[in-house]
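Common to both upcoming complexes is subunit A, partnered first by subunit B, then by subunit C.
Right, the complex of A and B next:
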């Protein structure tokens, strides 16, 4: 079993402590959702894993070997992010060929299919692309190189609804044909929830959730009601957030036994990942 | 068949239930092959582990069986089993809820019985 382990990682920029005692394991052949509000530390974490930056302390290993300046390990880890390292004057086809020579192989069959479906002009210069096509170009590389651990930081930036849907289809297709690990950092939670198997939530530089998605949502509930009825019903629950909606209280509970019969005046329902996330990180 | 998902239940349960629905309605008959995990996963952009979890519920209930290298197939008695199982659960799944809603609207037993009768006659 191939895996990436993040062991007691801290990262500071001067006095700013952006990642605090992070311990995580990324297992092989899973799709992870890496969630957090702006500035939570997601991108920093992915930059550390891919050696674009280095931790203040702690270590990151691939199958037990520290990844820092370890070319063999780093050839198995790929980060696709907004800040790209490609030559802006190079044509797209040149960028694909460079990726092929750097990573040793390239899935041209998939690349050609993606080029056609996304209608990419491979003779365009990378620096001249719109945000959407820049994202698409980076996605093609991420899906076509042979690395075992692919990190995608905001992969669908600037993609229209049709192109996002097409990306989800390609992601699932290539994941099934050639299982590997994808870690997707995104704010588009509602749309991507169905793609995730495991969820990691970062808040203020700390991991606050690291859990199987089904397990998480099966144990949470949103409870709505008003007055003393809701207060009595929820007083012994593990409430992690509450809000008001048209005069009613909306309670977000964790470790909720099971969504069974509600007393009169109380409405209990399952929550989706976005609802969980918003309450958890507010 | 097509799938329609909501947020009321875990996705894997909905997948299992909707394949059951299709078997019950005779869309898939005993011996028929059902869509593969790969197809369902790709067409609905759902993580394959989730789809597999749903399929495994049906395998464990003996409603579908895996034929190595070929795919998943509907077992002989699956339709009858689903029917009997749902008949058994009809009271808890539907009747109790209907009675509760009727009571909220001050519809008494007699009136509810008449409504049910009317429903049958309209069929």
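Right, the complex of A and C next:
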């Protein structure tokens, strides 16, 4: 069973400590959501895993082998990032062929299907593409190369709603046909929630959550009410965030067992991932 | 180094394409335009000697910079280690340098064979030798190699160093000759003489020894590569 382990990773740029003692494991054949507010350290973590940058200390391993500068391990890891590293004067078809030569194979069948569905002109130069088509090109490569761990940093940047739906379809289809690990960093949480199996939340360079999504959402609740009723009801709960909405108190609670027996004047409901994330990172 | 071959192929593909452009421009300015001028003016008395070595050296610098600034990121994207990228740089520059020597040699021989090209000779400026000998060929080879190596180092410095520091480095480099000359002028006559003799010996100027010059260029090339390695081994993607 393949796995990537992040062991005591720290990353600093001068005096700025961007990642602090990160310990994580990415297991085989799972779809992870890597969430965090802007500047939380998601992209830096992905850059370290994919050998784009070096950790200040700590190590990243794939099946026990250190990943940094290790081509055998790096052949199993692919990062499609917001920043494009391809030659901007190269045509799209040339980039696909280059990817094939580096990885030894390329899923041309899927690539052609995606090219047709997304209506990509493979004779266009990469540097001339719009943000949306640049994202699509990067996604095609990410889905068609034979790496076991695919990291997608803001994969749907610039994609319209139709193309986003199409991408989700392709992601699920390719995941079912050829299970791999996908780690997706995104701010479009509501839309992508349906894809995630496991959630990692980073705040100020530290991992604050590393849990299965179902387990997380089934144990959290939003409790709304006003006055002393809600104060009394929530005083023994594991409250991690509270806000006020038009005179009403809204409590975000973890480890909340059941939402069935709410007293009068109290409204309890399960939350979605975006609500959990906003409360957790505010 | 499982990604070495695709790295070399990718670099060669890009470099050969630009090399085609280089020779097209070179031949236009050094052969076709003089031939055309001679034809228009019907003046066949002016003979021209064309030397591809120096332009090849400058081309090497330019393409070395381009290889680094455009190729590094895409290699990292596809999981290549920095060690492989560095080795690929060296192998690519050796292959390209040999290719250019062969092309230069064919140009030299070929142009002599073409009857309508008169009074134009493709030669090497090294030691003012008009005939290609093994020494001249090797000299041309190391000259192009050092151009590439210098270009790669410059490219890596451009990638690594912040723009404001680049300006400072550029300024220091600009004033270095003046500084060296200032220091040399202040040395005693004996030391100046010793320095001159030393330079004459290592460059082969003293007894017109091309192999001494080749050795010196090779040593500088190795030093440039060493500098490149020190930068590239921890080069982050920017």
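Heads up, the rule we're going with is that the second predicted complex is superposed on the first by the 282 of 282 C-alpha atoms of A that agree within 3 Å, B and C clash if a C-alpha of one lies under 4 Å from a C-alpha of the other, contacts with A are read in each partner's own complex, and residues count from 1 in each chain.
Assume a contact is a pair of C-beta atoms (placed from the backbone, for glycine too) under 8 Å apart; a residue touches a chain by one contact, two chains touch by 3 or more.
Keep in mind that this is a model prediction, so the values were computed, not measured.
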| item | value |
| --- | --- |
| Room on subunit A for both subunit B and subunit C (clash or fit) | fit |
| Touched partner set for A:87, first subunit B, second subunit C, both or neither | second |
| Which superposed partner A:74 touches (first subunit B, second subunit C, both, neither) | second |
| Touched partner set for A:102, first subunit B, second subunit C, both or neither | second |
| Subunit B versus subunit C as contact partner of A:52, first or second or both or neither | second |
| Larger contact residue set on subunit A - subunit B or subunit C | C |
| From subunit A, separation angle of subunit B and subunit C (C-alpha centres, steps of 10 degrees) | 150 |
| Subunit B versus subunit C as contact partner of A:165, first or second or both or neither | first |
| Overlay on shared chain A, then closest C-alpha pair between subunit B and subunit C (Å) | 28 |
| Residues of subunit A that lie at the interface with subunit B and also at the interface with subunit C | none |
| Residues of subunit A that touch subunit C when the two form their complex | 47, 50-54, 69-72, 74-75, 77-79, 83, 85-89, 98-99, 101-103 |
| Parts of subunit B lying in touch with subunit A, wherever the complex brings them together | 7-12, 38, 41-42, 44-50, 53 |
| Residue ranges of subunit C touching subunit A (in the complex, touch as defined) | 1-3, 6, 9-10, 14, 70-71, 73-74, 76-84, 234, 236-237 |
| Residues on subunit A engaged by subunit B in the complex (per definition of touch) | 30-31, 165, 168-169, 172-173, 175-176, 194-197, 214, 217-218, 269-272 |
